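Data block below; observations after.
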Amino acid sequence: MLHLILFLAFGAVCVAGAVNLLVQRHPINSALSLVVVMGALAGEYLLLGAEFVGAVQVIVYAGAIMVLFVFVIMLLNAGVEERTKGSRVALLFGIPGMVIGSVLIAWVLLTRSGSGEVAIGALPGPPKEIAQLLFHQFLLPFEVTSVLVLIAIMGAVVLAAKPGPAQPEKKEE
Amino acid sequence: MTTSLHLWLIPLLPLIGAAINGLLGKKFSRQNVVRVALIFCGAAFAMALYVAYRFPSLAMPHLETVAPWIRIGSLQVDFAFYLDQLSLVMLLVVTGVGFLIHIYSVGYMWEEGGFYRFFSYLNLFMFFMLTLVLASNYLMMFIGWEGVGLASYLLIGFWFTKDSAAAAGKKAFIVNRIGDFGFLIALFLLIKHFGSLNFVEVFQSISPLKPETAGIGLLTTIGILLMLGACGKSAQIPLYVWLPDAMEGPTPVSALIHAATMVTAGVYMVSRSHVIFERAPWALMVVAIIGTLTAFFAATIGICQTDIKKVLAYSTVSQLGYMFMACGVGAFSMGIFHLMTHAFFKGLLFLAAGSVIHAVGGEQDMRKMGGLRTKIPWTFWTMTAATFAIAGFPPLAGFYSKDAILWQAYSSPYGSWVYWFVGVFTAFLTSFYMFRQWFLTFFGEYRGEGGEHHDPHAGAVSAPHGDEHGHGGIHESPKVMLVPLVVLAVFSVIGGWVGSARFGGFLSPVFHSALPAVQMAAREPGLSEGVLTVISVLAALFGFGLAWLLYKQRPQLPRQIAETLGGFYVAVLNKYYVDEIYATLFVKPLVDGSTHILWQGIDRDVIDAAVDGGADGAREVSDTVRHMQSGNLRSYAGWIAAGAAVVIVYMIWMGTR
Amino acid sequence: MTIQTFIIVSVIKTVIALFVLLTAVAYSVWLERKVVGHIQNRWGPTRVGPFGLLQPLADGVKFLFKEDLTPPHVYKPLYIAAPMIAVTFALFSIALIPIGNSIRIFGLNIPLEITDVNIGLLIILGVTSLGVYGVALSGWSSNSKYSLLGGLRASAQMVSYEIALGLSLVGVLITTGSFSLRDIVNAQGGHFWGFIPRWNVFHGQIVGFFVYLMSAYAETNRIPFDLPEAETELVAGYHTEYSAMKFAMFFMAEYANMITVACLATLLFFGGWHGPLFGPPLLQSLLPVFWFVAKVFVFMFIYIWVRGTLPRFRYDQLMAFGWKFLLPLAIANLVVTALVVALQ
Amino acid sequence: MVPLSYYLALSGILFACGVTGFLIKRNIITIFMSIELMLNGVNLSFVAFAAHWHALSGQVFVFFVMVVAAAETAVGLAIIIAVYRTRETLNVDQINLLKL
């Protein structure tokens, strides 16, 4: 029961944040909504027992990635979104398609998912065990990902660096 | 296989020469082109001689497999070479005559443009011809068969800027295709029924079969189809029409390809397939009839020709007819014998004719020659030898082979006196037109315009004979041309001395099954061989006499005779209008049909319309659809979302069904 | 312990912790003014109460009663939310910090922390990393160039130094093998050779400690890394446009963060509440808390001491220092520690 | 006990919100955030499945997603900055040169 209540509470926050992201016209509001969503998701992770994932969610997503977003919004001084009518397609096909798809998925999930239930803290994800997995079974993906991140860092620096002798901006997470 | 002679080298050497000259020759000096061509061709000849030297110690037939080629199911075709007495004779003739003609060409073509191209083609021809001769299966033979056709096409059209040469090349190519069609179908039948194309295996599976005397069976069909192929390649009725036109090519080409070697490929092929023909009497009869008819028919046309090379061309057709006649009566070895002697004297005739043309500055019309006897003595004497040889005067080469054929035509189980009679009459005609040519060219007064005139035939080409060669008036050819003439003249004289019996004995291992296969009711020959020989020699003498009378003593007489004969003469002069008949019967309907139905009907209105319509439709659709590519990120996202929705709907529909 | 008592105890603990923390924040300000004053050969606050001890109270009253200015053209929702975010996350971490072993009151065994989470350290890091929003948003929403520059500097600086900070802690985590702060402290009990405390800082993490300290100074925007509020360049940085209680909130957030950092340094590197125990049982149960507070006080003093002595970095020097010196150093420390642990 | 499908539904809702944001938002940064929202929705389903199947690798997957998202963000935002420098706008409807 408590589980359900907590789930619903966090879920409500999540959905509210997500909807707010859509509704807000200023990117910084959207960004903060997203931070809220991520925080609430971290709560959901904790409910599922994935405490490490939850913590990392907060640190990496909320604490680093979204800070980067906010930083860029500040840097570019992004203003209120313009209401241009650039794409009828997105409205005519995309949104109905998306709605149909999600409604169908939800319908299937809710009517046909069987008896799959998740208990609170169903699968504790202690850091040690995750580390065991990460550094043994998933060692190669891990290393490859590290290379990817390195490349991304260099790419970001190259892309964002102002041409000319100006000091390149440092922006990493 | 205990010993390997590296037979694969023999065809390959000329190919290397062709490749070097063809790819790099443009930058070579003429001397270097000559060196390359002669070295590789000569190497092939030397190799052939070596093979001949080693030949007695080999087990027959000698097979050498180089590499596998096609393996489909049970069908297996290898790059393999096959050597037996028949191949050896052909090998020696091809490389020997070919080498001589290479040497001759050096002199003849020296001033021509595209010198390297000529020798590259010539070497290429040698490669294909040797492949054909040495092939161990029908498919490789077919490669050589097609390859020599290609080389022939290239060489006929050597002066490709000249319309008639290009047209002649095309004509040769297309007419040959008809024959190849038959050949190919014969190959398919062989694969279908015997599962192999290797000579050894095919003949082994055919040997136990009984002759198809009752009607037209499988072997008869194959035989007739093979004969169709041979008709195309060896210029027999009804496909002979390309050969006279092929004289548009340079004279050495005419000598090598259209007299000595390539055109005899049909004879070789029929002889090679003797196992099939022996078991198909009907097919054999077709061969004999075609050969006989062709021999006679071509000879009649030859009488009226005025172009020195055309005469020889019809003579070639006629002589090939003799060979087929020999094959048709089951005397394959005699056919090959005649093939060999013919290669000598007909090659020589062409080369000598080339020398004459060379001497008079490109002129080919005999009516404008005359009295060249003293001016070009070497040419005169060699040509004399050849003329007497072809006319069948003993003891020259032609006498032995032709006489043997006539005797076989008369006496063989398949033979008949009709063949013999036509053969003898043709021999008379041959003698007549050959001596007509001889007299017209070398005797009487010179009827040309001197050595300074321009040559209408070669004039269109970059370096016509006329201008360069004509400077010093009529003159003897250089030594490099005369040496082959002399060598061939010697062979024309002594080539037959080996005798038909001994030659037949040499080839008998190949044709050993030939005569015993069918024991026809042995006919009692009505006349003995000696009598027949005398008759044929008399025929030759008669021809000589007639020619002497008409063209030496009474030069005005031919015109009177022509007027007397009227329409018939015109018909003969125009080669019986065969080309025109073909044009009306086959070419025009084909052209019209192609133009109106295939081109304008199907190609333009159906295929092109479909393609154009498809393109137009695609453009219309693209014009509409490309608005999708608006450059707007959100539109793309919209499409993706819509597509994803479709996929989801589909998946759910599939999952919940 | 029933759930009702758990909730009651938790609420009581929370109230006490908040009270203590806010008081500590207030008196940190007093301490700073006093110490800096003495360093600069001044007296610092002396008028309100003995030694100016009531000065924080007076300051509080002053902040409450000052006019709460809202400049025009600010982005109001965030302008108001920013100081709240800052102070909330600053106060949040105290919930996870244990200040001593459990004590028995009314028969209940009560641990001296609001809650013990087995990934406490991670959560503190996460919450700290969220603190940057307060600074960044305040700088941006003020719609002022000084504020914006301050906010930009702050977010860049905090994101950058967080890496070095996190990596410097990994050494400790490797030696201890746990994210739980209580476990980490417990692992530091005892002595080497009978007299050197088995603190992490003496247990091979001396480099990690210094990296942590420097990164933490940057994280809390303290001198010598106080570029976001450098008053000689940016007036007051990201809180230029704030006044009254909102300004006080930033102030509180800064000092609360300092306290958190000091607490963490104590817990992770200096053995937490471990110290010599003696005397009667009551004293024995209170001494750990004393040792803890004493160590935190030392760190706070060092903070102020550094502030009084060191000049400010230039911004590019700050970034270079973080990326090119601290980060490699932290990684080196991590590698060496991992090797040592692996070889043991 | 919460049915697994609730978690999946929540995940789906977040994902759908992300898609919608991608479709209706004009600001390129917001669009980028919508992508992050989608990734988060997917992450939730990973974790839920991990709990449901008792397979820790589901959580490990989330780490990889996060790392990749971080890398993507770094590069993406750098691109946005570069685009803004040249085009002086963040509106995707005006950044539409990639067309015929």
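Letters are used for the chains, namely A, B, C and D, taken in the order the chains are written, and counting of residues starts over at 1 for each.
Operating definition for what follows: a residue touches a chain if its C-beta (ideal position, glycine included) is under 8 Å from a C-beta of that chain, and two chains touch if they have at least 3 such contacts.
Please read these numbers as outputs of a predicted model, since none were measured by experiment.
Counted as hops between touching chains, the shortest connection from chain A to chain D is 1.
The chain with its C-alpha centre at the largest distance from the centre of chain C is B. The greater number of contacting C-beta pairs, out of the two interfaces A-B and A-C, is seen for A-C.
Overall, the chain located most centrally, as judged by its C-alpha mean against the mean of all protein C-alpha atoms, is D. Inter-chain spacing, taken between the CA centroids of chain B and chain C, is 105 Å. We define each chain's centre as the mean of its Cα atoms; on that basis chain A and chain B are separated by 82 Å. The centroid of the Cα atoms in chain A and the matching centroid in chain C are 28 Å apart. Centroid to centroid, with C-alpha atoms defining each point, chain C and chain D lie 33 Å apart.
Multi-chain contact residues of chain C (touching two or more other chains) are absent. Counting partners per residue, chain D has 19, 23-24, 26, 92-93, 96 as the residues that reach two or more other chains. Residue positions of chain B touching 2 or more other chains: 630, 632, 634, 637-638, 641. With chains as nodes and touching pairs as edges, the resulting graph is of another kind, matching none of line, ring, star or complete.
Chains touching one another form the pairs A-B, A-C, A-D, B-D.
Per the touch definition, chain D reaches chain A in the complex via residues 1-10, 12-21, 23-27, 29-30, 32-34, 36-37, 40, 43-44, 47-48, 50-52, 54-57, 59-60, 62-64, 66-75, 77-82, 84-85, 90-94, 96. Within the complex formed with chain C, the residues of chain A that make contact are 26, 28-29, 32, 35, 42, 51-52, 55-56, 58-59, 62-64, 67-68, 70-71, 73-75, 77, 126-128, 167, 170-173. Chain A contributes residues 3-4, 7, 11, 14-15, 18-19, 21-22, 27, 30-31, 34, 37-38, 41, 44-45, 48-50, 52-53, 56-57, 60-61, 64-66, 68-69, 72-73, 75-76, 78, 81-87, 90-91, 94-95, 98-99, 101-102, 105-106, 109-110, 113, 116-119, 122-123, 125, 129-130, 133-134, 137-138, 141-142, 145, 148-149, 151-153, 155-160, 162, 171-173 to its touches with chain D in the complex.
Chain B meets chain A in the complex at residues 628, 630, 632, 634-635, 637-646, 648-649, 652, 655-656. Across the complex, chain C meets chain A through its residues 75, 77-78, 117-119, 122-123, 125-130, 132-133, 136-137, 139-140, 148, 151-152, 155-156, 158-160, 162-163, 166, 177, 179, 316, 319, 323.
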